[in-house]
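Each chain carries a letter (A, B, C and D) given by its place in the written order, and its residues are counted from 1.
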Amino acid sequence: MKLKIGLVAAALAAAVGTAQAQDVVKIGQIEAQTGTLATYGWMGHQGANMAISEINAAGGFKVGAKTYKLELISPDTRANPQDALIQLKSMLEQQKAKYVFGPFLTNVFNGIEPYATQNNGKFLLMGGATAIHAQLGTPNRDYLMRTWNWDAGASGFGQLMVDYLKKQGAKKAAMIFQNDAFTKVAVDIYTPIFKQAGIELAVELFEPGTKDFSAPLAKLAAGKPDYLFPGYTDAVLYDIVRQATETGLFKNFFLVRGSMAPGLKNKDLIENYIAYLPKYFEQAEKTEPKVKEFIAKYKAFYKTNDFPYDQAPLCSSSCYDHVYMLVEAMKKAGTVDDVAKVKAALMSTTYNGLWNIRYDATGEAVFDFDVLHMRKGGAISATRVHPK
Amino acid sequence: MLLEVRKLTKRFGGLTAVADVSFGITKGEIVGIFGPNGSGKTTLLNLVAGLMPPTEGDVLWKSAPIQGRPAHEVAASGLVKTFQNPQLFAELTVLEHVHIAAHLALKRRLGWRRLATLLDPDAGNASGALNERAEQIVRLCRLDASRDRLAAEISYGEEKMLGVAMALMCQPELLLLDEPASGLGAAEIENLEAVLRDLKQHGTTLCIIDHKVGFLGRLADRAIGLHHGAKIAEGAPDEVLRNPDVVMAYLGHSRDRI
Amino acid sequence: MGQLILGQLLNGAILGTLYGIIALGVTLTFGITGIVNFALGVFMMLGAYAAWYFTDVAGLPYPLAVPCAVAATALAGLVADQALFRFTRNNLVNGLLVSIGMIAVMESVALLIFTSTPKEMHRVLPGVIEVAGFVLPKMKVAVFGLLLTVILATYAALTRTWIGRAAYAYAQNPEAAALMGVRTERLQTGVVVYSTALAGLGGALYASLYSLEPTLGSLFVLKAVEAAILAGIGSVLGSLFGGVILGITEGVGSIYLPLAFRDVYGLVFLVAILLFKPAGLFAGRK
Amino acid sequence: MNRQAAFFAVTAVVLLLLPLVIKSDVVMTILVFAWLQGMLAVSFNLIFGFTGQLSMFHAAAFGIAGYATHLSMQYLGVGYWTGTVLGALLVSVLSVIVGTICFRFRLKEFYFAVVTLAFSEVARITVVNWNSVTNGTLGINLQEKPWLFGFKVDDTVSWYYLSLVALAVTLLVCSRVVHSWMGRCFSAIRLNDELGDTLGINVFRYKLAAFVVGNFIAAVAGSLYAYYLGSLEPGFLSIDASLGIVAMVLLGGRSSVAAPVVGAVLLVSLPHLIHFSAEVRSIVYGSILILTILLMPQGIYGSIASLLRKRHAS
């Protein structure tokens, strides 16, 4: 019984808490910050948290005559849909948040989607999950926006990447991916793209948690492909690239997600390491003042000397820039409450921050990215791509 | 003939625990099997109760072979055994033990209809009758004083008696008792004898294994002597006890046990 | 194809010794304390990060970093044993749950300290060995040799020394061993700590082959438990063979059958063993 | 006995009236999840706490039922409730198969846990890879909601009542079973199965009965859960999910029928009551688990109950 009283008390306290704050705009963030799948959510949280603190430290932002500050509510979903649903309900009902970033994980999105759809029009959900793509622009999903660019389509980076690969003279590629939600979509996306480009594609999927890839690599190498197409998180990339190069099975790599670090680590055994990266922070730090400033601010804010170069590119989704972009849109729309107007403003804004971000007609982000090409010995050439 | 044992042999690797033993038990009698420690008594009993398969030979229960049949089926057919070291359910009370043992009685009474008692506890009017019988058996075994105590809290004598009580609740036609008197004090043995006599009067057939010859001599109608796994004597208890082979077998070990 | 299979047999055997060293810890702990200690995965993780820290951050040479990492893990094992495991002796379920609680705590601590960015140690022994057409990384061969030595040494110690025989006697019959003067508490603590040290060694060597993340141990320990059961829990050499069999099954299985089902192959094999040879493959060879 | 009855009556009335008092959708959602997880934990405890078999198949039963319900609705065109029954029947058949294998070969304790774990991993990996049917790792969105007596069970309050009734029925069924001759057979198996065997109890049959009944209830819980959440994913069948159920039972207590519900309420609500940073919360969660096991081996419900009994006695 005591417990139930506790629950009631918690609910009441939350209700009272929301009544006072009027000049605060609440931003929810619904991401997994711990567990094996936390890389994306963790970085998203780091970036959003930083942006919000910066805006508040600068005195907030003005919409009309009023000055607003931001408040971040970012519980940890632990990749569990049950927790995520309760958290989203708490954000919308108790915290009265109208803007929610995330989720990046498809199972979490599926878990909150029915409730979110019921609340269509009351808030915006801006996440990177693969499953969001299919639902964009469908009825009753005006609340939905996708903050990561899509692989396929005219402005899809995957298409552009494969075109680049074709120019390198690739004839045969072997895909080795972790068996999870994104991979299933990735296979469906990339199979036709490769086919169209005239590159033969073999596919092997492995269970998450696999560390020793010698068997599948040997099996794939028997088909003598030019390029290995490994996916997609650093946790497995280090091991795949190391084991593929160490025994001389593969010398050429092609990546659409993941960082440069695994390639650099084995730079002397690799001929070509071609990767898509939202931003190559190591180089951009030298060439782009905004990036340099961001890195300095990050180090100061989190009191660390280690800037997460490998994970920072994930800030292209539901993260630092998107908070600023949302504030821009609120200013432009002249309201912090009218979700439809803010969405319209977001859709018509091109935000020029760490990235140039805009939304396409369905509400999916399109932003500029880097195609990186590392050659033997570690020389990297970066090409900035601005999709149409 | 209720039980017939034919040329029963059990070997464990090179060791022959029971060698070519044959005997029979008829309804209503008390048969005592005795022999010094290590003479194969418990193994023989386990073979008879179906707890382990024999290497050779047959055990016929009501003219049907029972070797290799699972213990619960053997028990259900009316052949029930107690353990030398009392086997109990540590967390339960004495009365609860007897209630668990009521399962066979309930099954005999209701068959599959006992599932109906899950919906209606009084279905088939079984529970009342069985509760009464449980109380009766607790009284019969002189356990009424400790009926609500946990098995972990009762004395060793009571533990052994509880084993007998549970076996009785199974309504056995033949009750196999494995050293019921071992470890008991004189008063407890007297008590046990009284209970077993009561049982005989109620028509239960008993087969008792023990190395306490005196105790068996007073109780048994017929005795079987066992040594090194083989039957060395059979007949009226006092005759068997005077049998020179039996005397040798016991004297070869320890005289004070006789 | 034959070349492919033989290559995987070799690689599976090497990977199998890594399963085997953790399985040995599982087997020893189970034999002496009656607990299946899933938290050994945590100690493996500790050993791995410690080895990485001592080499890549503190700058020690790897051959020195490994014993340091093992010592650090054993110390952590001693603390955990005195604070937690001591209270779960011979209680399988509680032991299991305490180890799960411990995994949650330690993985979070590791996440706080090391973040989720994978750590990859600099190459200790780069290059490959080519024998009869098979290409094997030198480090893998070195790890294989080292683990094999440790497992065999443990076996020798258990069969040849007084402490080992005491432990054996205790596993067979705790009461008799206690009567014979075996100091139960000390023996149990000793074995638990030794098992964590083995896990730490496994982790420290793992660090030279694979990238590190906080969850590495809990994934690995499941395989080790599989290997331990496969051989028959309680068998020292069996845990080595169990690991090797598991490694080979997975490696060769992934060539002929879909890779996505890899984890199933080991499990199906395990179930078959448990059903038809419940004491394990190497029962009776203790 | 009367005190106990009064306690349950008061609890029932309070729980029935709760939605009139609590207007928070969040709290109600937590309670719906807690009742459904509670149902799962109570059914698991029938196998674990009462019969003494540490099954790791429970999350599989829970998850498979969700998929089976959805698939029978989609391919057989049946309604939700028929689908649920079909799902539960499928799970029962699978339980009979798995249980028969395990119990025929007399797998006990840890070995039973490992083999059931193996079967549940096979089930999970099958769900992950059988893309054409299960949509693999992407999961399935469930649009339909159950209808009951002409009402669509859609909003949280109606789900609250549905889940509460389902939990109450579960408690009733389990307590009837546990306090009957069958429950006595379960106790016999848990405490000393060899003795039970010689007393004429068919150990195999009653182990299997507990396993099948427990999984059947878990299946119903799984079907309700999936349709309340509105989605299905292979994670339902994971080892973590199975361990979560064990944790609920141990936290609540395994010696009484209702105790696991306490564990379920705690584990479902705790993450939303404690506001620590993500990593710290996981540390707190693990510590709570360890401390409960070491300090309150009877679980929270069991410890409170024995405390009250002591106070009552003195």
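The criterion applied here is as follows: contacts are C-beta pairs under 8 Å (C-beta built on N, C-alpha and C of every residue); 3 or more make two chains touch, one makes a residue touch a chain.
As the structure is a computational prediction, the values presented were derived from the model and not from experiment.
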Quick check for the class: compute each chain's Cα centroid; which one is farthest from the centroid of chain D? B
Chain at the geometric heart of the assembly (C-alpha centres): D
For the pair chain C and chain D, the C-alpha centroid-to-centroid distance in angstrom is 33
Centre-of-Cα separation between chain C and chain B, whole angstrom: 49
Rounded Å distance, chain A centre to chain C centre (Cα mean): 36
Compute the distance, rounded to whole Å, between the mean C-alpha positions of chain B and chain D. 42
Note: chain D residues in touch with at least two other chains are 125, 128-129, 279, 282
For chain B, which residues are shared contacts with two or more other chains? none
Can you list every residue of chain C that touches 2 or more other chains, as numbers and ranges? 108, 111, 258, 260, 263
Going by the touch definition at the top, which pairs of chains touch each other? A-C, A-D, B-D, C-D
Could you pull out which chain D residues touch chain C in their complex? 54, 101, 105-107, 109-111, 114-115, 118-119, 121-122, 125, 128-129, 239, 243, 246-247, 250, 279-280, 282-283, 285-290, 293-294, 297
Chain B - residues contacting chain D, complex: 49, 51, 70-73, 75-76, 80-81, 83, 87-92, 96, 99-104, 106-107, 114, 117-119, 121, 166-167, 169-170
Note: in the complex, chain C contacts chain D through residues 36, 84, 87-88, 92-94, 96-98, 100-109, 111-112, 222, 225-226, 229, 258, 260-261, 263-264, 267-268, 270-271, 274-275, 278
Which bits of chain A are touching chain C when the two form their complex? 34-36, 38-39, 42, 179, 204-207, 209-212, 214-216, 218-219, 222, 234-235, 238-239, 242, 246-248, 262, 265, 308, 310-311
Complex contacts: residues of chain C adjacent to chain A: 1, 4, 7-8, 11-12, 15, 108, 111, 115-118, 120, 126, 128, 135-137, 210-211, 213, 215-216, 219-220, 250-252, 254-255, 258-260, 262-263
